[in-house]
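Two complexes, one shared chain (subunit A), two partners (subunit B, subunit C).
Let's turn to the complex of A and B:
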């Protein structure tokens, strides 16, 4: 039996900004975020609403599972550069 | 940049400083020598450095969940150290228990420094190639570390200068809260890595005390406050505290019977 894994969504960090900064995911579904940090500096993906925190070294990537989430907005930010690195997950 | 550095470093230092200061104070109250502290600091910072420079490899290990698993292990080690520490305290007259007791203190301090120190090193290391930002970041980090250490020093003197029995009880109480917080964080990392299924939060107190607020941040450092914890996290928090109380209580009663 072949099991389909959770959908993968890519987010890039460049110049301390998230691309995209709005991530739309289906509600009530587990999703795998692949966060690529293209900056030379480390960043910490953090979200109080999602209960997630993960440090991503410069020029490397990380996997973060989120959900299943009920419909709504869940802000996340880069703890090391919070002035610019802001984004949100929209479950719908 | 400066203010941000203050906050980041303060958050990391606060948690480690709290664990270290309570153990230092309890060591003092239990008439232990404090030379172990230096050894623990050196090993702790070496470990933190190794973790920081190998972060990418660790993160991508175990299908991308290496960082979560390692953090969960570090938090669990601190909890187990607290548990064995509390069990062995009433048996200080016995040389073997006394030695195990010291080992648990050293292990908890080393692990706390590895966990919090690695993030500090990673954060600061990123700015080494950016001279414009490096000096405000270093300055902010120094201020943040200073405030965090001051809180640690405050707790140390508070505990040491109380009546001895009061100091030990308050120290115990703080360790219980730290223990609960450690297990809850370990569970949170296992959920993040998808080893434990995520479910809807058991409560939402974010409108009452937001985790973003200063009060929320302080409560997080002191008692492991979460505004939207998963049910497994809340269960782990309270049951681990209960476990510490029961284990310490049984060990204490055992001492009374045998002496």
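Let's turn to the complex of A and C:
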């Protein structure tokens, strides 16, 4: 039997911004974020609310598992460029 | 998974081992590695008027492997001297949140400064989150050898339950168990940020000895600067 993996959601980092900056996911479900850093500089996906921090080198990608999360909003930011790189996960 | 037989080997060896020589209170390791991470670390464990300090510098090689070298110094009575050297490799085995438990492992090689005394140690690192609570456990299997020490296997364990109150302050309870150690007590920790990619992580705790061979009170301090 083939087990289905968690849903995959792509996030891009470009010009020190997250695209999309609002990530909607189903509540109470584990989700796999595929974060692609299109900038030449490194960025760190960070969220205390999600209990995740992950450094992503320039022009590379990383996988971040989140959830299952209760319904609500969970902000995240890029630690290396926190003024611009801001976003949130919305579990609904 | 390869970790299952590893756990079984450690658990089976725990009851039958001879007395360990050292206090098994140090720190609780977490099974995560960040790429492009460098750190300078200082930690101290003090009990009965003596203390052991470690000063380390570490660097991740990629997103799975982190290596760190330490100098160990001890104060016993009025003497403060270099005690030994340690090389440590931490390996992240699974992504955080990928499985029900996050897995990692660590391998350490320690050499006494002057004596012919060696120790090779490995630990399985586990971590699990329940809402704002996080539990972490380290299961150690160690082998000592040399002219100045009895060749023997030892085991130890460290367990931490932490409440994620805020980035600056998280209370925790830790338990350390070894052949000569049973210690339990409150620990606090937190992060102070200094800018992009730079932060100071601190930990401080007071543990109470639960057995006759464990000192009544053990102080542990840690400061780790990531850059």
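Definition applied: the second predicted complex is superposed on the first by the 92 of 92 C-alpha atoms of A that agree within 3 Å, B and C clash if a C-alpha of one lies under 4 Å from a C-alpha of the other, contacts with A are read in each partner's own complex, and residues count from 1 in each chain.
Just so we're on the same page, a residue touches a chain if its C-beta (ideal position, glycine included) is under 8 Å from a C-beta of that chain, and two chains touch if they have at least 3 such contacts.
Predicted model, so just to flag it, every value in this text is computed and none were measured.
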Which partner does A:30 reach: the first (subunit B), the second (subunit C), both, or neither?
both
Determine, under the contact definition given at the top, whether A:40 touches first (subunit B), second (subunit C), both, or neither.
first
Have a look and say if subunit B or subunit C is in touch with more residues of subunit A.
B
Thinking of the overlay built on chain A, is A:83 touched by subunit B (first), by subunit C (second), by both, or by neither?
first
Applying the touch criterion given at the start, work out whether A:9 contacts subunit B, subunit C, both or neither, answering first, second, both or neither.
neither
With the two structures laid over each other on chain A, which partner does A:48 touch: subunit B (first), subunit C (second), both, or neither?
both
For A:57, using the defined touch cut-off, is the partner it touches subunit B, subunit C, both, or neither? Pick first, second, both or neither.
both
Is there a shared patch on subunit A that both subunit B and subunit C touch, and which residues make it up?
30, 42, 44, 48, 51-55, 57, 62-67, 79-82
In their shared complex, at which residues does subunit A touch subunit B?
30, 40-42, 44, 48-49, 51-58, 60-68, 70, 79-83
Contact residues on subunit B for subunit A in the complex?
4, 8, 55-56, 59-60, 63-65, 67-68, 119, 122-123, 125-127, 129-130, 188, 191-194, 198, 200-201, 206, 210-212, 226-230, 233
Complex interface listing, subunit A residues touching subunit C:
30, 42, 44, 48, 51-55, 57, 62-67, 79-82
Subunit C residues within the subunit A interface of the complex
34-37, 63, 95-98, 129, 134, 164, 166-167, 196-197
